[in-house]
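Inspection log for the structure reproduced underneath, given as structure tokens.
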Amino acid sequence: MRIGVFICHCGSNIAGTVDCAAVAAKAATYPDVAYATDIMYACAEPGQDAIIAAIKEHQLSGVVVASCTPRMHEPTFRKTVERAGLNRYMFEMANIREHVSWIGKDIEANTNKAAELVRMAAAKLRLNKELKPKSFPVTKRLLVVGGGVAGIQAALDAADAGLEVILVEKQPTIGGKMAKLDKTFPTVDCSSCILGPRMVDVAQHPNITLYAYSEVESVSGYVGNFDVKIRKKASYVDWVKCTGCGLCTEKCPARKSYDRFNEGVGPTTAIIIPFPQAIPKKASIEREHCRLLTGGKCGVCAKVCPTGAINYAMEDEIIEARVGGIVAATGYDLIDWKIYEEYGGGRYPDVVTSLQYERMLSASGPTGGHIKRPSDGVEPKDVVFIQCVGSRDPSIGRPYCSGFCCMYTAKQAILTKDHIPDSQSYVFYMDIRSPGKGYDEFTRRVQEEYKARYIRGRVSLVYPKGNKLIVRGADTLMGVQVEVEADLVVLAVGAEAASESAKLAEKLRISYDSYGFFMEGHPKLKPVETNTAGVFLAGACQGLKDIPSSVAQGSAAAAKAIGLLSRDMLDSDPQIAFVSANRCVGCGKCIEVCPFKAIQEIDLRGQPKAEVIETVCQGCGLCNATCPQGAIQLSHFTDNQILAEVEALCRF
Amino acid sequence: MSKITLGYFPGCSGLGTSAEYEKSTRAVCRELGIDLREIPDWNCCGSTPAHTVDPVLSSAFSARVFAQGEQVGITDVITPCPSCLSNLRNALRHMDDELFAARVDALTERPLKQEHSIKSVLQVIVEDIGLDSVKARVRKPLTGLKAVAYYGCLMNRPEKVMRFDDPENPVAMDQVLEVLGAEVLPFPLKVDCCGGSMSIPARRSTPHLAGKILDLAGEMGADVVVVACPLCQMNLDLRQGQSRAAGLKYTLPVPYFTQLMAYAFGLSDADTAFKLLAEDIAPAFTCMSRRSDEIKAEEARKAVLAEEKARAAAEKAAKTQAGTETAAEKQPGGKSRANSASAAGGAA
Amino acid sequence: MSIQDDIKAAIAKALQDIPCVIGWGAGPEPLRATPLFMRNAADVENFTAGFLAVNNPALYLPSCKGVKTALVVKGCDARSVGQLVAENLVKRDELYLIGYPCSGVIDVDKVAARLEGKCEPGEVTRLREENEDVILDTPGGEVRLAKKDIAADKCARCRYPNAESADVFIGEKRAPVVDQDEYADLADFEKLSLEERKAFWEKELSRCIRCYACRNACPLCVCRDHCVASSREPHWLTQADGVRDKLFFQLIHATHLAGRCTGCGECERACPVGIPVLTLKRAFSRQVEDMFGYMAGIDVNTTPPLLTFRLEEPEIKEREW
Amino acid sequence: MSVLNTKELRIIGFLCNWCSYGGADTAGVGRFTQPTDLRVVRVPCSGRINPLFILKSLLGGADGVLVSGCHPRDCHYAEGNFYARRRLELLKGFLPVLGIDPRRFEYTWVSASEGQRWQHVVEAFTAQIHGLGPARGWPEAPELEILNAVAR
């Protein structure tokens, strides 16, 4: 074998703390290395061309590039060697950037370590085999999980491109958080006027199948062919018969049920249609509030329903579907603001969350768009907004900025003035973060035109005195303590990943960070991909973002999914297990442990043997580590290849 | 009853301004089976003003206290005073740093050899003795007493050092008062500043800050403001004249929680030491007994009512069985009686 | 009629529809029996059970796959069979097990030690069992030895003297020697420091001649001709004659047996140079028992612990970083 | 000479591609400084790791071996790390039988987002190995000793 080694400077990223020429000189002495050099930018066009030229000039049969992480550029360089006529698997990478140059400044140690990593890579490459992928057909159907604005956008874009789309939404209606908003910043246009038509489009699109009040139960399979089980939760209403007339919701006697859609601002009935523009506009019964389902006595809704749609015996239903790709768009939840005892910890009715306030502002909300104090129904005059409740607070494990609270607080202050012209708003803030088109102008307008009083400082205590709430805080610009007598306090509660996002991540086999946000493939270059092929991200589930960004990411995720599913066939990864039938004793241990049922027992001349189903195997190598005699090996990560790496480190 | 033995650090105010706290604490601990062993020849904990000037010297004061305890085999110490608690605990925490500890040791020349712990009397009563044991000892319940609990700044804060109760909305004292039988009002200014440390540098703000606390308590209808800190007690109790001059409307007694415990346990006047309070507690107890009578009367009425209802139901059941349907007449009668009863209660 | 005759009758009966019954027959010298493959009545006459029935007949099962086979088994042999069944390496319905109460088997090395100075074990001309004793005819006259003094180590910690899974059991069941295996055999070894243990293995393994008798005697080493010790693909071991490679082979054997070894001790018995190779496997077995509550070869319906998992592992205390 | 005399010890890491290798990358991207002793072998999944690789490393002259995979339940292949956990835990308990200090081998779970955790793991493990010092080697075949001497 003739190996070529290329040590990349990555500008000064590597060369700054690694003597690349010395590494190349050392590499030239390794077994089978026919050519070694250092190179400024291996991944750039001149770099790639130089590699191709060297392969031809020195008749190289394998290439090692020492540069960044293979998770970044392995696909790039595999294509490069392929262009030079080599099999793409006759290539190895040594990660001397993330694992060497970026984590230490000791040039001597770094240079030595880089040379070692190259030695490992070359030792492994000597045992590499040419591998050829197989093709398999793709299911041209997309699953979108989450029917907020990001999921709606992704579903519509993909459906418009001709893909079949399955949209799964946990709540009885799509619309997500945006549907709860009264107006949107910075244009102060009506949220339901812009979202409503898109929701209708979802309902009417011939390519979209909507499963509302449903959740993803399990996901198996891989890119191109995921097998998904969807749990359609029992709504106790036959949605085929339900016309959405709402008679049941008028007559239901369980009138003290928690109103999820209205964030508990007022009570609702046990059978609900969340809001007038709901899609699908169908009734559903919340089991824990229903008198019949909990107490066995009632049945009013069944009596009044003109179409006989009520079915108290309904059970959850499991729907199975095969899809080629998945978009996760599960959004966010507010943090539990009740942990802040200094703001009353949920004890004072007139301390409300921003989302509750949004429902109080909304004309379709429980107060009909009139701002009323929850305690006594009186219109407030002095309204205090407290920002960063649960954002930028390391003490509760939420050190990040939620990103959109500054803007919606400004919007809510404007709307307060619009609703109650003689009102005065106060906003306690840490910093105003408004980097967006027209955003900073908006936060100025609220102060200059709408005369909201912005106070830079934190609130230390909110307490009731008489029928007022005393808000005590610091004005750090003036250096004084301030006390405001407020009628209503609105907490700009920060956001976190949706409560069950970690569970979904486990089902989708994607990574998530310590706050529950899903990990993108690369923070810059793969913002909507994940490291699991065929799974894409849209909206706040990847990281908090406002409506325009969520919509943009929804479209981006759709574009990626469309690109994937526009192909009829996909290449399977050839880094899969293979069996040496003559060494297999047919003990079946590999079959027992394989997580994918990718190994089957066959009969070979009367002897039981294991056989790998190539399109099912995902290349984890668990079978390889299980087989006592090593009869089943994982291509590209064989025992001998790993042993060669270990030997390279131990022997020298 | 199982007895526990703990080292005891009374603190300087226990010998002077908070003698009533000291007396009642000792009495209550005796009743609860806590054997207090006072640290021999104890000294100042090193709190104000030392810790603001020289943290090492301040910690050395604390270290000597622990060393004195160590000499007689005491390593677990309690103190009633939150300020002492804070300084003693901070000293232990600072001495986790070897360099700091070495500097302290150089001053005391008596390095600590054992692990030490320091807790407040309140924490030991709530966490180690338990509210059930407290409840079991109540002879004269405080039924009818409207109380607010005021914790001050130091008892629960900083959170990471004190690790006891909620730093913004503590409830330990509330719970104690509740098992004593008092009605505890949800007081929002539990951890507000009483102005204690301002009394020298900014004297005029102290009555103002203390007054705000008393004002809200009074507005809420409290009979007493219950405290656990000598400095808070002094500010709230002693300065009510100044506070009134600054616009305060209410006069309220400010007892220590241990005094009310001693009272509810039925201990002697010497143990409750109420007479050492500046504002007389007697009016509060007058309100308490009046309300207690009302509550008893109300309970008696309810009992009669319930009895009547039960009898009516039994009769109705009997009649239904007999096939007659006259039970309906009974109910309006019962209702009107209830109405007149509550009207009478309101008038009283 | 003795148990021996009853077993012979059972074997004869089994031979009516099973081609071969594996048991033990008289060996080359009076202290040793040898595996016996019985196909007819004449073979059965050579059958012997009891104190000399040392070999584990389960060893031959994997090569009998597909042919109905009968075995005469001791309690420990039955565990090996059970483990092979649990791993689906042999099919239970292809087996017919004849069990009998085992009172222990001989360890010839221990006899040699007892005869020290009198004669060599090979000079013994006859062995008779008499209840809990054996009587040896030696050139110097009769020697009476207590069975428990010359029985194999494993017999002193026997929890399963009766082949519980046998299809037919001949004789009265014996009480277990112990209720709980305390792994007392590891106690002395574990008194050694880490340094001493390393020196111990260096010394012991320096004798190894890489004959692989330990492997060939192991009823659970089912790879046989495909053992990684002698393969190039994968190439785990060199042919180098160093302690490192010799020990590494033992580690391959021990890790391959982790959660599978029934402790029959055939590996150690087979070792011609007396390396205590069972110690490695026993160390794993104890861990497996503590961690997963699993004893190999007892319950054929339980999946061996390394071929399964639990979402929460109560006995695994991971390191907090 | 693979490790720098006096400065480094020989530490081999086996990292799963999806979580821990990514976590090590994240640490690099974040410039979280780490000791240089560790050399990483990338494997697809912690379930791919045959405990014999670790024994081979320790017998072969490694002073420490660190294995890291996805957190339980987060395995890219759903179940690989569950099997790995059992095998690695057994191995760790077995090392003292060979006279190898069990602290020379650790396994842990680091996700792709946990760059800082990875830094901490590497620092702590490297410090642990330096605390134990170089491992005492196992005798090789005499002829190999000579060959190795020539190679060096």
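Think of it as A, B, C and D in the order they're written, each chain with its own count starting at 1.
Rule of thumb we're sticking to: a contact is a pair of C-beta atoms (placed from the backbone, for glycine too) under 8 Å apart; a residue touches a chain by one contact, two chains touch by 3 or more.
The structure displayed is predicted, hence computed values, not measured ones.
K.L.:
By mean C-alpha position, what chain is farthest away from chain A?
P.N.:
C
K.L.:
If you average the Cα atoms of chain A and of chain D to get two centres, how far apart are those centres in Å?
P.N.:
31
K.L.:
Hey, how far is the Cα centre of chain A from the one of chain B, in Å?
P.N.:
Distance between chain centres: 49 Å.
K.L.:
Counting only Cα atoms for the centres, state how far chain A is from chain C in Å.
P.N.:
Chain centroid spacing, chain A to chain C, equals 56 Å.
K.L.:
CA centre of chain C versus CA centre of chain D: separation in Å?
P.N.:
That gives a centre separation of 36 Å.
K.L.:
List, in ascending order, every residue of chain A touching at least 2 other chains.
P.N.:
Within chain A, the residues that touch at least two other chains are 593, 626, 639, 643.
K.L.:
Specify, in ascending order, the residues of chain C that touch 2 or more different other chains.
P.N.:
236, 306, in rising order.
K.L.:
Listing for chain D: what residues touch at least two other chains?
P.N.:
Expected reply: 56, 60, 73, 79, 83, 87.
K.L.:
Using the touch rule from the top of the page, what pairs of chains touch, sorted by label?
P.N.:
All chain pairs meeting the touch criterion are A-B, A-C, A-D, C-D.
K.L.:
Hey, which residues of chain D end up touching chain A in the complex?
P.N.:
Residue positions touching the partner: 1-4, 7-8, 10, 12, 17-19, 21-22, 24-25, 27-29, 31-36, 39-45, 47-50, 53, 56-57, 60-62, 73-80, 83, 87, 111-114, 119, 148, 151-152.
K.L.:
Sort out for me which residues of chain C touch chain D in the complex.
P.N.:
189, 192, 194-202, 206, 236, 238, 240-245, 247-248, 251-252, 254-255, 258-259, 279-280, 283-284, 287-288, 291-292, 305-306, 309-311, 313, 316, 318-319, 321
K.L.:
Within their complex, state which residues of chain C touch chain A.
P.N.:
62, 66, 87-89, 222-224, 226-228, 231, 233-236, 256, 303, 306-308
K.L.:
Show me the residue ranges of chain B that touch chain A in the complex, using the header's touch definition.
P.N.:
It comes out as residues 166-169, 186, 188-189, 192, 216, 219.
K.L.:
Going by the contact rule at the top, pick out the chain A residues touching chain D in the complex.
P.N.:
Its residues touching chain D are 69-72, 95, 97-100, 102-106, 108-110, 112-113, 116-117, 119-120, 505-506, 509, 511-514, 519, 531-532, 575, 593, 595-596, 618-622, 624-626, 634, 637, 639, 642-643, 645-647, 649-652.
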